[in-house]
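Chain nomenclature is as follows: A, B, C and D, assigned in order of appearance, with residue numbering initiated at 1 for each chain independently.
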Amino acid sequence: MPRLRQRLRTPLRTESFSDAVFAISATLLVLDLGVPRDHYLTRILADWPGFVAYLAAFLTIASIWLHHHTLFSRVRLIDVGLVVANLGLLLGVALLPWPTALLAASLRDGDRDDQVVAVAAYGIVSLVVAGSWAVLSGRLSHRPDLLQSTTDELWMRSNFRTVLGTTLPVLAAVPLAIVAPVGPLGLFLAVQIFFLVISARPTEPDTDRA
Amino acid sequence: MPRLRQRLRTPLRTESFSDAVFAISATLLVLDLGVPRDHYLTRILADWPGFVAYLAAFLTIASIWLHHHTLFSRVRLIDVGLVVANLGLLLGVALLPWPTALLAASLRDGDRDDQVVAVAAYGIVSLVVAGSWAVLSGRLSHRPDLLQSTTDELWMRSNFRTVLGTTLPVLAAVPLAIVAPVGPLGLFLAVQIFFLVISARPTEPDTDRA
Amino acid sequence: MPRLRQRLRTPLRTESFSDAVFAISATLLVLDLGVPRDHYLTRILADWPGFVAYLAAFLTIASIWLHHHTLFSRVRLIDVGLVVANLGLLLGVALLPWPTALLAASLRDGDRDDQVVAVAAYGIVSLVVAGSWAVLSGRLSHRPDLLQSTTDELWMRSNFRTVLGTTLPVLAAVPLAIVAPVGPLGLFLAVQIFFLVISARPTEPDTDRA
Amino acid sequence: MPRLRQRLRTPLRTESFSDAVFAISATLLVLDLGVPRDHYLTRILADWPGFVAYLAAFLTIASIWLHHHTLFSRVRLIDVGLVVANLGLLLGVALLPWPTALLAASLRDGDRDDQVVAVAAYGIVSLVVAGSWAVLSGRLSHRPDLLQSTTDELWMRSNFRTVLGTTLPVLAAVPLAIVAPVGPLGLFLAVQIFFLVISARPTEPDTDRA
């Protein structure tokens, strides 16, 4: 028991550290939007993949922040395992500007092979995020002692299934990239819009929390 | 009712996440101020649009932070709709370093067409900010249950009108850019100074808050 | 009185926003330390002004953070005037990476004229910081109603004089740069070390605070 | 005694400032992962040292954050000496992206001499971190009045020995770099994994804290 207790803490500082990483990663994305040398309108319009990739990545991080907020509002205590899973999630979020830049560049200048590689890189980073998230909600769904109320266990189980469901479009993105390179970009945007809609939908009416 | 309650939360973590995005965006602007290779004085003086654009963008973000602080000090609870509108606001703020760099570069090296495009880009990002803000204060002016006190409803309504009023100079900036390219830069600076003055002016004496 | 009360707030969100700007500005400085193409040891040793400038700028921001922390621990309420003076301080801190890069580059590649310009730029940004700080402590030394205890008034008055004193080496740096370009860099470092020593020295033993 | 008390404060703002520096430094690392011009797969695979260095640096900062969190959860009050030691730690963390980029570049393009210099630079920055940390836990192990409970003194003493132990692989990295340049990179990764395991292990069962 002392062993167990030593490993428990309140999630306060973990939440604020995560928020800082989310905010910086979302704001650093702007550094990829370059300033053209001349013919601004033509060049900006030609760089539309850069703007769609920016939007997809910003919405991804915004959506992760929103769900992180919702998940942690149900958590009373965390142990080291959850902190490490959360650090895996932050690794994925901090990395995200890189495959975003890769995807935008490949749609602008790259050939089909480069585009498949860029989509695969985006997918791998997405799987790091989804995998870490699955560890968070999966572990919490078996640890009612770490949660605010007993009904939060059901929420965690439902959240675990949702996260596994979101890996399917990521896995579908690589073969789609071979057929239609712009396809995965649309898919990534669609997943984020779906995710934002999910977060607005109350899953269990009786687990309300102010 | 349970459905409604589930969607309400305190704005604490939304405020701290927003503050981080504001702080990072305002601080990243410095990366656009390049170091000249030689003839420092001549080149720095020649790059005066870069410094005016830096100042306008910094004051814009500082002013948004100040008003965000004031608005949220009147909010007791937020729902998902407000969180999503706030994410739209953060998208605009995080994007701002890009049209700022564009505007500075176009006044230094670009032709008249490029300057109009840069002003239009700055205007579009400003409208994303103003539009999200109008959703925030517009929605809150009809939701006294989310506010700290009943008089805050009047404040939100007045704030909603102020935000709509600030879109007028943004809309005037594009035609002004065709006539005088430096005009919009002065206009954007003037709007921020006006905005900072507004924030210092107490609107309703009876809604005081320490 | 309602007018006055409406303009007062607790400094909490101002402190956390300032901390974020200090942290980002101090961390962005690292982007100026480039990676050489070859002959690492020779090139890194040749770029010693870059490392000294980095250290001076980091210590400057660390020292400002430390004093900001100390000053605000004595403040109970702030008005819009203090918030705007604090935004001026943040403008200076956010700008600091630019004259730092300028100073390092001028000592590496620039001629005497460029070095004087770089020192002057560093000095102007330092004066923006010092001027904003003088407004903060000067205003607070006449507003006991905004302070935690009555003895804090004396502290603010003493702090105001200290800040005015630190502008002297800044004003001396420009003529010094004409004689010896490396001089101001040593002076800026010395001022920060003096400032860190000052902060460790208790000024009024009876104004203790846990 | 008044002199002593004046120099004591709660570590709250120090913790949040440190968290911001950790988060920014960890997120800035992504800027070193460049976007190739063509042949994405070949070039990304050829840049494997960049990715391993990224991972080692991210895990280093994540591990420092985790231990910082654990150490400060045992601290009740801090004095200026501890704040200055903590600023030394932050200097090391904020610098870390530079030797990381140096190490990655030297393994990609540099000769043996460059690799030894890069490993030495990484080692010096690591020693700045370890040295500041040793001052923190060393000083706290003799100041029970600054700690939450008396058993925390034992924890600080044990932590002090652990930190001294971690300097050994850093000192071993430079001679190892002369023999096998990739060796230190593996060593730095191994140290972080060891450090994360250490943090999960409860050192004294009776010093539990919720």
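Assume contacts are C-beta pairs under 8 Å (C-beta built on N, C-alpha and C of every residue); 3 or more make two chains touch, one makes a residue touch a chain.
It should be emphasised that the depicted structure is a prediction, and the values quoted were computed from it without experimental measurement.
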Farthest-lying chain, centroid of Cα atoms versus that of chain D: B
Interface residue identity across copies chain B, chain C - same or different by half: different
Distance between chain centroids, defined by C-alpha means - chain B, chain D (Å): 37
Separation of chain C from chain D, taking each centre as the mean of its C-alpha atoms, in whole Å: 26
Overlap residues in chain B, where contacts from two or more other chains coincide: 16, 20, 24, 28, 31
Touch relationships between chains, expressed as pairs: A-B, A-D, B-C, C-D
In the complex, chain C residues that touch chain B: 2-3, 5-10, 13-14, 16-17, 20-21, 24-25, 28, 31, 77, 80-81, 83-84, 87, 90-91, 94-95, 97-98, 101-102, 105-106, 109-111, 113-114, 117-118, 121
Chain B - residues contacting chain C, complex: 15-16, 19-20, 22-24, 26-31, 33, 35, 37-41, 44, 54, 58, 62, 65-66, 69, 73, 196, 199-200, 202, 205-210
